[in-house]
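Two complexes, one shared chain (chain A), two partners (chain B, chain C).
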Partner chain A sequence: MKWGGVVSFFASEHAMRAERVLERAELPARLVPGPREVSPNCGVAVAFRWEDEPKVEEALQSKKIRYEAIHRFDLDDEEGAGSGRVLTGETA
Partner chain B sequence: MSSAETDIYMDNAATSWPKPPAVLEAIQEFFANAGGNVGRSGHSRSIESSRRVSLARETLADLLGAETPDEVIFTKNATEGLNLAILGLAPEGGRIVTTSLEHNSVMRPLRHLEEAGRCTLEIVRADGNTGEIDLEEWSAAIRRGGWCLAVATHASNVTGALLPIEAMAHRAAAEGVPMVVDASQSAGHLPLDVVALGASAVAMPGHKGLLGPSGTGVLYLAPHVDVPPLIRGGTGSQSELETQPDFAPDKYESGTLNAMGIVGLGAGARYLSEVGVDAVYARLTELTRRFRDGLAQAEGIVVYGPDDPAASIGIVSVNVEGIPCATVSRFLDDESRIMTRAGLHCSPAAHRSLGTAPEGTVRFSWGFDTIEEEIDVAVAALRNIAARRAEAAGVVG
Partner chain C sequence: MKVTRRRAVIAACVALFLAAFFALGAVSHSTPASSTAAVATGSVGAVPSSMWYWTMAVSPSDPNVLVVGSASGLYRSEDGGKSWAPVGPKAFNATSVVQSGNELIAAGGKLGALSSAITRVGQARQAPVGPLLIASSSDGGKTWALLHPSGLPNTSVQALANGTGSTASTLYAVLTNGKLYSSTDGAKSFKLVSPKLGIPPWAIASTANGFVGGDMDTGGYASPNVSGWAKAKYRDAKGGLMVMEYAVQPNDPKHVLMSAFGVEGSTDGGKTWSPVLKSTVMFGPVAWAASSPNTAYAVGFDSSVWRTDDGGKTWKKVG
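Now for the complex of A and B:
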């Protein structure tokens, strides 16, 4: 799976909740160790498909899930999570 | 020798037993498939633990009617939650208004604040038998002026008598006074909607009506409430900062969580959601009615608490005339394997309100698993103890 974005959180509790919310909204997502370039705040982040970005944002906000930021981030499962890199400085 | 088959456990107000099988299964499943530290690492077992704790938080938030799971803080018991809320909301130099039916988990922090000269304390008398409190008196005490905090129990842990907690909370809210509610005996035993209640904080144990293991508790903190944590330390979040995170739940949950306990508590809450807390309340009421009816007109037995079983919550206190309550409790255990709690139940103020201080009472408290036959055995055992006493007194007399 090509993940084009990650959501960073202040608390891992919120990352867990975000994973469930996206799963229930049938938006592909997975928890990944928080890439350092994205956020040092908590250990984990949630990766998602960049084309789903508006839906991801809406789902998280409608469930009042507190997140730090949404990042455009290239993360490829085939190459392992360690290959992720920030593509641009842009955040959603 | 203790046997689960023959034991008649009637001390659910101290801690519930047995737990639903799903609670034990969830704890075992946690160690089999998770077991890492919650929120600390990115590896699979850490994430699996975090997932389970997060799901437990969500289940509890749903059960209590919280708007978001961030309002659910895990504590080690109700006492920790009460201390956090009371010390955090204590009006320095102001007044705290409370009732005469409080447990020491409320009374001791309040007396501490009073002795330290940080607050004055005003105790509004509530009837230990009925839970009735003069709402005008309650309002007047709150309205007396100055910075104020209201603290009250939802139900007496001595008689099970329910207080008009919604009305009390609404009166406090009307005066802009924050309120802390001790839901130790009511959580899981009758429907509770924290948003409708409108209190700033509601503390409860995880190991009583919520059916989790000991070492668990929940503090509901309303979204607008911002109080200091009781302890500070590692949270797994904002590790680069040497200061405490300012967001819930991390702000209030420093150090490694009791993950297995919380997972068990989550399973208990899920069980309650499936059964329905209103069904639990109806069941407890039925059992209380059967017990009270069984003891009606029993010679030498004094029964405390509201006449209407629906005005209490699965607890009945009694005394057998002429026999100390601790002796009655021992007879019940030795002769009939009936487990009760004798004494003051950590609530000297409530016993004074009831007129049973300093000796106390024998307290019977049911759970989701209590059956009619057990109630009948308890009634017969109590009647037998009283009859023996009457006979002995007659011989002596």
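Now for the complex of A and C:
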């Protein structure tokens, strides 16, 4: 699966909660080691499909999940990542 | 004349300041989609990027040679975690690496056949069920040979664990379908121990008290013989249940490290735990060095590498 965006967080537990919230909203999401390029404070980020970005933002805000920023970032499951590319940086 | 020269100097300073300001501003703005920047995949000072950091082992003969298993395969360091290079099979979701005698054994699944490196099954998560990939190295992880052990089905491995005490020569393999196998000939052949492990397949270790197991969503468990598991009372530093990976000290199976948020330590074979490396960062791979029994390493999900040389009392960031 190809992921087009990541959400960075201030704390790992917020990232895990966010992953749950997105899964319950039926939005594909995956906890991943935080890419260095988006400089997360907690070491983990949540990857999502970029086309879901408005729904991701809405779901996180409606459940009052604290997050640092939403970034456009390519990750590829089939390559096990290592192929990530920062496309844009967007702060929430 | 003096005034003119002073004005010229001030003007030059202002011009330099403005040039620097606008240059920095250009960098700090969002990068447009058309000008992408590649991510470093190999690096000095941190483990290369990956979709998941699973596991780690230290060379049997050199405490400065490490092999990390990740969703992007194996990475090896010859300088105690300061720099890394990819080694071993390609398209390898390397969920487990252990030392077995004088060899390192790495196991997991073939990534190309899997839809992802990690998936959720019920409340827990694990590597997806897929084709097996298992390999061994007799030169400290420099080169790897694929293994085709008899008795082990073509199903990806979630975790490997060495036995302790009377089972010290046994290598256990937890498959992603929850079956438990064991080998007593260095992964040349396996036999079925249990058709159903009884806990989510994630991390397992053999300690002085039997077995400990756990996962990052449902927490830790303990069992005297892997046939029945009791829920551990353990809570991580954040009050949650996270268990990432175990490492049992080679010469003392009561002394166990467990990664979660930072690293927890146990001196009673996993009955009780207390933080030894406090961190708000999620940690994954953790391993002892057999050739230097008080040395161990841990890898954070922020790609950092940590080392202890006093049995886990103090830790230093090395990468």
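Some points to look at:
The rule is simple: the second predicted complex is superposed on the first by the 86 of 92 C-alpha atoms of A that agree within 3 Å, B and C clash if a C-alpha of one lies under 4 Å from a C-alpha of the other, contacts with A are read in each partner's own complex, and residues count from 1 in each chain.
Just so it is clear, a residue touches a chain if its C-beta (ideal position, glycine included) is under 8 Å from a C-beta of that chain, and two chains touch if they have at least 3 such contacts.
Here the structure is a predicted model, which means the values were calculated and not measured.
In the three-chain model built by superposing on chain A, chain B clashes with chain C. Touch criterion met: A:Met1 reaches chain C, while chain B stays clear of it. Residue contacts after overlaying the shared chain place A:Gly34 against chain B and chain C alike.
In the superposition on chain A, A:Leu75 makes contact with chain C only, not with chain B. In the superposition on chain A, A:Glu23 contacts chain C only, with no contact to chain B. Looking at the shared chain after the overlay, A:Glu13 reaches both chain B and chain C. For chain A, the partner touching the most residues, choosing from chain B and chain C, is C. Touch criterion met: A:Arg66 reaches chain B, while chain C stays clear of it.
Once the two complexes are overlaid on the shared chain, A:Val44 sits against chain B and chain C alike. Put simply, of the chain B stretches 43-51, 133-141 or 331-339, the part that bumps into chain C is 43-51.
Shared interface residues of chain A (contacting chain B in one complex, chain C in the other): 11-13, 16, 32-34, 40-44. In the complex of the two chains, the chain B residues touching chain A come out as 38-43, 46-47, 50-51, 53-55, 57-58, 67-70, 235-240, 245, 247, 249-250. Within the complex formed with chain C, the residues of chain A that make contact are 1, 11-13, 16, 23, 30, 32-37, 40-44, 72, 75, 77-90. The touching residues of chain A, when paired with chain B in their complex, are 10-13, 15-17, 19-20, 31-34, 40-44, 63-64, 66. Of all the residues in chain C, the ones that touch chain A in their complex are 30-33, 36-41, 46, 48-53, 70-73, 91, 93, 111-112, 115-118, 120, 238, 240, 261, 280-282, 300-303.
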